[in-house]
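Next, two complexes with chain A in common: one pairs it with chain B, the other with chain C.
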Partner chain A sequence: MRYVGQKLIQLVIVVVAVTFLTSMLLRLLPGDPAVFKAGPGATEEQLEEIREDLGLNDPIPVQYVKWLGDFLTGDWGISTQANTPIFDLIKDRLPVSILIMVYAQILALLIAIPLGILAAYRSGSLSDRAVNTAAFGMLSIPNYVIAVVFVLIFAIRLGWFPATSKYYNPFTDPVEHFQAFFLPVLTIAIGLAAGYTRLLRADMIGTLQNDFVTMARSKGMSTKRILFGHALRPSSFSLITAAAVNIGVLIGGTVIVEQTFQLSGMGYLTVFSIGVRDYEVVQAAVAIFALIFVLANFFVDLAYGWLDPRIRHARALA
Partner chain B sequence: MQHSTRAVRRRPGLLLAAGLVSIGLLAAACGGDDDDDGGADTTAPATTAGGGTDTTTAGGTDTTSAPDTTAAPETPTPGGKLTMGIEAETGSPWRPAEATFAISGHMVAQSVYDPLMRGDDEGKVEPFLAESVEPNADYTVWTIKAREGVSFHDGTPFDGAAIKDNLDRHIASFLTGKVLRDVESVTVTDPMTVEVKMKRPWVPFNTYLAGTIGYMASPAWLAASDADETLKPKPVGTGPFVFKDYKPGESFSATKNPNYWLEGYPLLDEIEFRVYQDALTRKSALEAGDIDLMHTTNGETIAEYRESGQFPMVEITERGETGYTLLHVTQEGSPLTDSRVRCAMAYAYPNQDVIDEVGAGVNQIANGPFSPGQLGNVASNSYPLEPDMDKAKELVESWKADNPGVPLVVDLSTTQDQTNLVIAQIQQQAFKEAGFDDVKISQIEQAKYILTALQGSFQAFQWRNHGGADLDNQYIWWHSSSADPVGQLALNFGRIKDADIDRLLDENRGASDPARKKEIAEEVNEIFATQCYNLWGSYTTWGVPAQENVRGIGVMTMPSGNDAGFGVGIAGTFPVAGLWIQQ
Partner chain C sequence: MSIISSDDQELLDPLPSREEGYGTEEIRQTAARASTRAKKRGRLTFWLAFGFLALLAFLAVFADVLPFIDPYDEGQILDSKEPPSAEHWFGTDKNGRDLFSRCIYGARVSLSIGAISVVIGLFFGGLLGLMAGFYRRRVDSVTSTVMDVILAFPPLILALTIVTFRGQSVPNVIIALSVLSIPALTRLVRANTMVFSQREFVLASRSLGAKNGRIIFKEILPNVVPPMLSFALTGLAVLIVAEGALAFLGVSVPPPTPTWGAMIWDGRDQLDDAWWISMAPALVMFLTILSVNLLGDVLSQRFSIKENVG
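After this line comes the complex of A and B, so read on.
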């Protein structure tokens, strides 16, 4: 519990630092944020009113506290471009990005774990070399290229999936939901899976050389049980760490695939808002992305203890 | 019906700034007939049921999606939903006096709003939502009568008060107020009538009512959205469709207005506009069947569909905008204040090569601001259509002789679009070859682009503009009264201050004789040619490819019985009320 408490304190510090910088986004822009918000033709009185409304006349710490208070209470302001509450804009789009990230992560692990184990178990064999080569190839292709190729093949040539889509509720429109998400998710998952496969293979080869594996073999334990029941867990550290670190990659990936497939999530909204200088939306979106990243890493830190009793014990002794 | 082609490069995506450009001032226009590939191989235009507009063909095939007049007429089938891919974010806030509608914005706006006037298939405007729009004898008072029995989607009656409210908001608007500065007052003279009193005779005033200024929004909604800005993106008009949903930068959808005043319309139950800023993504969406139709100015796409016939495609080539390089001609210390330098650039610029290389040769080369179909368009004038590097060098040397020791340096501004950058690079190379000491290229993000133009903080600027039904629609862009100092916002972006142009624009505002109006427009054209105020590029061609079952693109019969024309205010738009799906 003490460890969790320490991690929570760290989490709060990081969140404060990130949100502080985010809240200063408007301040960091060249020019007067009020002019951006007001648009051309605004009078000085109107600009002053906007400055007051945005709190730009307050000291920076006061601005931050005000921003944080509004952020925590869901009062994120009104989008200049859409004239819509920013909270509503993000509420509609966040599920799309989260689903893309979750689906991509799951799909990548589903691909990587069996392939990584196979490659490790048959290390040096033809299948190992095939997996390695394929993984290396997939890592070498940027996801925006993969996305375009998928559109050409699966959407335009074969017509199996839409080239561009929109969000469908997975419970009410499961088929449309699957069609809309499959190509974007696969686009991101392929690159992730390639990296995961290589990591798991390397760790698993090391694990399979440990004494406890030899002992298990000597006891006549089945290969399947040894691999999945005993060797996989201790081989997963690099994989789990990579999965956590890749939250950032996933966020970047969603920005790209949402643009390519016109799937309106947080990435699409952020890029659009940057384009039209709707900086309050950008501010809120960046804060959300940062929170997702920080929280994901927090939970991964906690997961280490579950994965390895040695870490649990070390934490307890500390 | 249709055709297509194959090619895969991009074209001058001078998508640029059509935003402000359309600010609504521009009135009706557009119908089109066609032409293509730089004017080559055009076959006889086919007649579209809707308005005669139409299009082109290459290879002899007609590209109209409207029923071929040689085929048995099809009976429109009501019902269904169509999704149209559009090129840009559509234009929120949706209040006409505040919106900066680009072509996409007009497409969307016209699904919800009706203009008081609308362009017919000959490019002339006639009353649409208005019962009548009549001037007095000297054009100092225009009387607008509201059409009886029309209500806004929220039930508010459309009447004289509604017209006055909308016009008053435009007069007070930063964006459109300058266009209407010759309006002295708007008065409701009876429940269904308003009188617009002018400060001086204004003959083409009615043309403005076919664009943004003519879009009528519900006064009740306008008042409510004054108090609650979250209502602004939920427009309420009298149009064929009722607002349903708007997702910024993504989509706008509207459902059939069951009480639409124009009998027989709309035919669809629902229409959705989806934004695809990238031309190739929009194309992929059409090819994958994600959307039913789209509009595009991408030369490669238009050329491809012409050749392949993969999709029926309507093309709009008349009364459109002109793509050009806008020059700031009065900036203190700039070499561009000297016509020799500007004309040297015109002589050096290999315009046709750019059209061929970057736009698949689809667009027609421009020699002036007026596109085919517009008054003032001439087959030839003093503007050089062919590059003449010797002449360019001669002009540069002449300037240098008068300005010893002064480096001849010009800054070309463009967007971050790759195609536009390529055009700027071609210009850079040509101008350097003509003897310029340096030609810099500045890439400016799209969002800042319009502001940069408004402030006049540029030397040379890629742009697209000047569609319209009358020369008067250019008044705000060229008259010196719109040329505020650099740093202040002005719609005369290039800060042209030419006494002859001012005189001609003022005369045209009060001129009713068609022959004289033609002379005036052609005189203005010639001044632009001799002074090289801008570097003309090409006249924009719009393609509207659609799936095989889409009918009625641009087809609509107006209350007078005339066919509606393509392009109200700006080319590339067409009425959506007549769209239907062949079952």
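After this line comes the complex of A and C, so read on.
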């Protein structure tokens, strides 16, 4: 419980710092943010009105508290480009990005766990070397290169998937939904899976040296049961840590694939808004991305402590 | 970043399933043979990787004076979308610009931005890590909190935000990438510093009357540099990828300066009739990152030190 308390305090500090920095972003713009918002040819009165509206005349702490209040109540301002509330824009697009990230994480683990176990079990063999080399190679290909190669092969040459996708509701059009998401999700998952495979292989080789594995074997237990039933769990801690650390990679990946496949999610919205200088949308999106990241890390930290008793005790003693 | 750590210390079959008896001598011989083979293979890939990077760097540095590298912007519309040939090794793009020379000029931008950002990261990350690891207490907690806050932003989003709000230019891209590299290096150096400041030679130096500054820079720093450098190579690969991602999203150095990421993005619309426009920079980029990762892997095997301390 003390561990949870400590983590909560840390969480609050980081959330405050992150939202504070985000709320100050408009000030980073070279020149007067009000000029950006108003566009060229605005009168001094209009500018003054915008400044008042954005709270630029208040002292910084007041600005922050106001911004946070607005943010928490869903009042994120109006998009100058779309002329709709920013909250509505983000509300429609957030599920797309979250689905991409969740699918990619699941697919990466589905690829990595069997491959990692195979490579560890046959360590030093040809299949191990093949898996290891392939994983090393995949780690050297940026996800945007993978995305473009996939478009070339699977969309243009083979025509199996659309080159630019659209979001379909998973409940009403499940087939279209998964067809549209397949290439983007696979693009992100491949890079992640390569990293996971290497980690799991290394840990698994260590686990298989343990006496309890020899014991299980001498009892006549099947290889499959030893590997999946006994050795996988104690070998998976680095994997879980990596899965948590990689939430940042996932967020970056979703921005890239949404842009490549023109999927209308948070990343697409962000890049589009950067292009048309709709800075308030970017600001809100950055805040959302950072909060997702911080919260996800918080929950993984908790889950990790709960999964591995050693951590719980080490932290409690410290 | 730590995913690319080395784990190639091959172990023998963990589950002995082969029929032949496992005499100790036999195991030793097999292991020795395997490791010699692995070493030879390792040396070859090392020199291939090194050679590729050296060649690329040479071409990038001397691009202006080498006769076979056309100035990339002298395009003729007639030569638009030429496939790779003896005249245009990588083909030409939509505007008739030679892709080989654009890749080389792109290497200038991508490699130098990556390298400068890594050096800045090494300097500030090293300094902060040394201070935090040596003085501990308040210095450490302040540094660590600041790093935690930086790490609380997803990396690509952070870089994207910095460049967006500060404006697209080479210095701002370098700032963004440096900010990405500082926290990881700080943590690495801090952990190593903590280990080394417990060692007897530090105690000896202190008892001889050395001041803190001397201990930090003359005693600890030389021991911390090797892991820093091998980590910096991995970091370089990550930053080249990150710069490419920014350029791919249209948020790096503005056109017409060629960068690999932007070239890949530009070719995306023409994949159906001119695949080489995207694939040429993609291939060069892949080989570059692969080479940097391979070198980093070799170095980190040499100087591997456990990171999880303190």
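Operating definition for what follows: the second predicted complex is superposed on the first by the 310 of 318 C-alpha atoms of A that agree within 3 Å, B and C clash if a C-alpha of one lies under 4 Å from a C-alpha of the other, contacts with A are read in each partner's own complex, and residues count from 1 in each chain.
By definition in this document, a residue touches a chain if its C-beta (ideal position, glycine included) is under 8 Å from a C-beta of that chain, and two chains touch if they have at least 3 such contacts.
Quick caveat, the model's predicted, so the values are computed rather than measured.
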- Given the touch rule stated above, what does A:Thr260 touch, chain B (first), chain C (second), both, or neither? both
- Message: Let me test your reading of the model: by the given contact rule, A:Lys166 touches which partner, first (chain B), second (chain C), both or neither?
- Response: first
- Query: Of the partners chain B and chain C, which touch A:Val151 in the superposed model: first, second, both, neither?
  - Reply: both
- Answer with first, second, both or neither: which of chain B and chain C does A:Leu269 touch in the superposed model? first
- Message: Per the contact definition in the header, classify A:Ala82: touching chain B only (first), chain C only (second), both, or neither.
- Response: first
- Message: Tell me the contact category for A:Ile205 with respect to chain B and chain C: first, second, both or neither.
- Response: second
- Query: Between chain B and chain C, which makes contact with more of the residues in chain A?
  - Reply: C
- Task: Tell me which partner A:Tyr304 touches in the superposition: chain B (first), chain C (second), both or neither.
- Result: neither
- Query: In the superposed arrangement, which partner chain does A:Tyr103 touch: chain B (first), chain C (second), both, or neither?
  - Reply: neither
- Taking the contacts chain A makes with chain B in one complex and with chain C in the other, which residues are shared? 151-152, 156, 163, 260, 275
- Message: Under the definition above, what is the set of chain A residues touching chain B in their complex?
- Response: 40-41, 78-79, 81-85, 89, 92, 151-152, 155-156, 159, 162-166, 260, 262, 264, 268-269, 272-273, 275-277
- Where on chain A is chain C touching in the complex? 10, 13-14, 17-18, 21, 25-26, 28-30, 120-121, 123-124, 132, 136-137, 139-145, 148-149, 151-152, 156, 163, 195, 198-199, 201-202, 205, 208-209, 213, 217, 223, 226, 242, 245, 247-249, 251-252, 255-256, 259-260, 270-271, 274-275, 279, 282, 286, 289-290, 293-294, 297
- Across the complex, what residues on chain B touch chain A? 89, 92-93, 174-175, 229-233, 246-251, 274, 276, 281, 284-285, 287-291, 445-448, 451, 454, 489
- Report the residues of chain C in contact with chain A in the complex, numbered from low to high. 2-4, 7-8, 10-15, 34, 145, 148-149, 152-157, 160-161, 164-167, 237, 241, 244-245, 248-251, 261, 264-265, 267-268, 271-272, 275, 278-279, 282, 285-286, 289-290, 293, 297
